[in-house]
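One chain, chain A, appears in both complexes that follow, with chain B as partner in the first and chain C in the second.
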Partner chain A sequence: MNNLIPLLVVIPMGVAFAIPLAVRMNPRLGELLSILTALTLLVISLFLPSQEIIYHIGNWPTPDGIDLRVDGLSKLMLLIISGLALVVGIYSVGFIRQFTGHYRYYTLLMLMVTGMNGVVLSGDLFNLYIFVEIATIASYALVAFGGEHEDLEASFKYAVLGGLSSSVILIGIALVYGMTGTLNLTHLASRLDGHVLTPTLQFALALLFCGFGLKSALVPFHTWLPDAYPAAPAPISAILSGITSKAIGLYVLVRLLFNVFGITDDLLLLLRWSGGITMVVGALLALGQWNIKRLFAYSSVSQVGLIVLAFGFGTTAGIVGAIFHLVNHAVFKPLLFLNSGAIEIAAGTRDLRKMHGLRSTIPVTATTHMVGSLSIAGIPPFNGFWSKLIIVVAAVNAGFMGWASLVVLMSIVTLAYQLKVQTAAFFGSNTRSPEVTPSIATGSRSNAEPLFMAVPMIILAIGCGALSLLTLTGLDEPFFVASAAEVLMKGVFTW
Partner chain B sequence: MSTEQVLGLYNYWIVIFLMMTGFYIVIARKNMIKTIIGLNIFQTSVFLLYITMGKVRDGEAPIIRPDAEPDVIYSNPLPSVLMLTAIVVGIATTALALALIVRIREDYGTVEEDKILILDRES
Partner chain C sequence: MSGQKPTEGMSLIVKTTCGWLKGFILLYGIHIILYGHLTPGGGFAGGVIAASAFLLILLAEGQRAGLKTFSKKAALTWRSVGALIFLAVAGLGLVVTGTFFENFWTGHASGNFTHFGGSIQASEIGIGLLVCSSLYLVAMVLFGCAFGFESER
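Let's look at the complex of A and B:
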């Protein structure tokens, strides 16, 4: 079983480069290969054991060779990555036909999956950086995939800021390596364990925080996100917000802070404040948006802030809540973005002020969107309610009454901007938008939500309900989220 | 810190100078090509930081020779190896950004960010 671990990186990378060749035989092979790959990855990650495994590439012992590491947290991330890649792959079959050069799209998608899987599995700091770069460079290209003016501009902005943040991360890694003489995460943790960080290492940690903070779009490093997500095609926005920004940003940040450098009270304070500010700023900016995808983009900023805030409580309940919310966000936010793709095709615009009464045109989307909106706003019985409940309870138990009430307040703001989308897009009669000519379809149902697009939306909507069942094993430790939280709670890696 | 110590760290001064130059260009220049040049200078400074870090005082090139003395000191080869990979990553970013600039110029007829902003507002 352990020998399958490298395949999680090798398969998507091989497929990425096989797709351009395969489409010469049959143009449909691109979609087919990527869906099959995602399915294979999902099966492999399902069968990975939950306990910690370190795979030594080429059988070199730990500090000399390159390690891949699997534990509860990385298994959870792998499951989300491959699950979302599968859903997005199916959706793309229906959606991406409007663009030219489909196979490039699937190649880039597979490269992004390669990068994310690599980040999650990587056992040393430098390989982690390389995989982060594979994933981000693929995502720059995917953001520009539409080829419109604003897509190119957004992608350029993203590439420049991303390039800067990568260099900053690289300096951080250089300082860590210079001070400790190792890059292996386990080895590094054992060398740092029990020592107070020297000023140089503190500076390195600050650089890493800023670099990965930009990748996960924490305020004030969030400015690229509201341009990049709306510019990307809907399925790509879905996967970017659902998992990419978390796998290459948040995951690395949390992994480094909890498992390598060792969490301290000061760092928890930093997490709480940066998360809290991100949550409030994101939610308030979302409230004022009329572009549907930009609204969802700001909403992503806000939700990531909530997750970081919950990590900052530092208690088991807080971490369980944070990881559970991360899982939930990887279900309802992609759902909302996929819906926005269908809405855009049906209405011919992204401007909420110009669309009206779409319920009759796209009934499936209207229903799944209602589920997604209620879920993200934290309305029972959907999954968002449970994770927010755990977070609020964790905050109260840890004595952070102020943060607890802020989380509740921001939930209400979330409900407000989701209701704004609902009323503007779906309710009312379908007569107010004669001046808008739909770009692809003339509002006919079969074109706006073909089967390939409807099925993924329905799957994710069912997921919103089904994930609530995870809490059946008890609010303290929802099924399999607990084993991921346990990894973080155990503290630094032991040698 | 004495003058000698400050001068002894000259490699770090070069790195800091290059880094800040690159950073300034990225922030201050509106021309997209120049932004990318700035980004490259920034990246190069990081490469230099790594490579100078790998040098060990009195160390020679890390190649094992049969006739070498037993107590010979080698420089650390790992940072140079890491930077080979990082240079490839940097080239990938640059190539992608340049490709985007070509497309932007085809669409707008300019690569100046402020002019593009004006064109965006007009449309």
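Let's look at the complex of A and C:
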């Protein structure tokens, strides 16, 4: 079973390079190979054991060689990545036909999956950095995939800020290596364990926090996100918001803080405040948006803030709530972005003020969007309710009444901006002019939500309900999530 | 060519010098790739040197001659082939010994490790092809002669 671990990186990378050759035989092979690869990765991830495994590449022992690490948290992340890649792959079959150069899209998508899987599996800082770069550079190109002026501008902004964060991370890694002489995460944790961080290492940790904070879009490092997500094609916005920013940003951040450097009260305070501010700023900015994708992008900022805030409680319940909300966000936010793709095709615009009464034109989108909206706002019985409930209870139990109240308040704000989308896009009479709303004018439903686009939205909407079932094992230990939280609660890796 | 006229290269002196040098540069790149298991260098360094031979042709003899020597389609193919060779060598380690990237083909059995580097050498060849063709493609994009991939797919 352990031999399957490297395949999680090798298969998508191999397919990424095989697609340009395969499409010469048949142009449709790109999408077929991508979907089959995502399905294979999902099956492999399901069969991985939840207990800790360290795989030595080339049989080189730690810390001389390259390690791949699997545990409850990385298994959960791998499941989300491959599951989302599968859904996005299916949706892309219907959506990406409007663009040229399909095979490049699928190649880049597979490279992004390679990078994310690599980050999650990496057992050392340098390879982790390499995989972060693979995922990030692929996402720069995907954001610019539309080729329009605003796509290129957003991609450029993303690339500049992403490059800045990568530089900061690399300097942080260099300082860590200079001070400790190792980059292997387990070895590094053992060298740091029980020691007070020197000023240089504190500086290195600050650099890593800022670098990965930028990749996670924590305020004030969030400015790239509201441009990048709207510019990207809808399926790419879905995967970027659903998992990429979590895998290459948030996941690494909590790994380093909890399992390598060791969490302290000061760091928890930092997490609470940066998460809290991000949550409030993101939600308030989302409330004022009329561009549907930009609204969802700011909503992503807010939800990331909530997750970071919950990590900052430092208790088991807080971490369980944070990880559960991360999982839920990887379902409802991609759903909302996929909805936005269908809405944009149907209405011919992203401006909420210019669309009305789309419910009859795109009924699947309207229904699934309702489910996604209720989930993200934390309305029972959907998954978002349970994760927010766990977070609020964790905050109250930890004595953070103010933060608990703020989480509830921001949930109301979330409901407000989701209702704004609902009323603007789906309700009211359809009185738009034919040139603004081409699909409505022709009464063509199939253009806006063909089968390949409708099925992934339905799957994700079912996921919003089904993930609530994870709490059947208890609110304090949801299925899959509890074993992931346990990894962080164990503290630093032991040598 | 995206509508623009391909360049015809530099002066006769430069073209003649380039004609003499390009073979040696390419040979040196191949040498660095093949002996990466023994000497400083390897697939990456050798790939860069080999790519510089093709870039020299592109610059000195013009885009038409450059693309005739190493076309976009060929570069795209060799880029993929190089990456797949690298992954195949790593994957064969898993198949043969049960460990990913295990050096299963050590070269000791041949009794001549100097020239034969086993799976290290094979993976260096893959990296060399990947780096050489990728760098060449990057240069083509920068020179503005890489557009129109669709027609060459």
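The criterion applied here is as follows: the second predicted complex is superposed on the first by the 485 of 495 C-alpha atoms of A that agree within 3 Å, B and C clash if a C-alpha of one lies under 4 Å from a C-alpha of the other, contacts with A are read in each partner's own complex, and residues count from 1 in each chain.
Everything below uses one rule, namely that a contact is a pair of C-beta atoms (placed from the backbone, for glycine too) under 8 Å apart; a residue touches a chain by one contact, two chains touch by 3 or more.
Remember, it's a predicted structure, so these values are computed and weren't measured experimentally.
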Room on chain A for both chain B and chain C (clash or fit): fit
Contacts of A:Ile171 with chain B and chain C, given as first, second, both or neither: first
Touching partner for A:Ile137 - first (chain B), second (chain C), both, neither: first
First (chain B), second (chain C), both or neither touched by A:Gly163: first
First (chain B), second (chain C), both or neither touched by A:Val10: second
Broader residue contact with chain A after superposition on the shared chain, chain B or chain C: B
First (chain B), second (chain C), both or neither touched by A:Arg350: neither
Contacts of A:Leu152 with chain B and chain C, given as first, second, both or neither: first
Per-pair minimum CA distance [chain C against chain B, superposed on A] in Å: 7
Footprint overlap on chain A, where chain B in one structure and chain C in the other make contact: none
Residue ranges of chain B touching chain A (in the complex, touch as defined): 23, 26, 32, 35-36, 39, 42-43, 46, 49-50, 53, 79, 82, 85-86, 89-90, 92-93, 96-97, 100-101, 103-104, 107-108, 116, 120, 123
Chain A - residues contacting chain B, complex: 126, 129-130, 133, 137, 140-141, 144, 147, 149-150, 152-153, 155-156, 159-160, 162-164, 166-167, 170-171, 174, 177-178
Complex contacts: residues of chain A adjacent to chain C: 3, 6, 10, 13-14, 17-18, 20-21, 23-24, 55-59, 100-101, 103
Touching residues on chain C, where the partner in the complex is chain A: 76-77, 79-81, 83-84, 87, 90-91, 93-94, 97-103, 149-150, 153
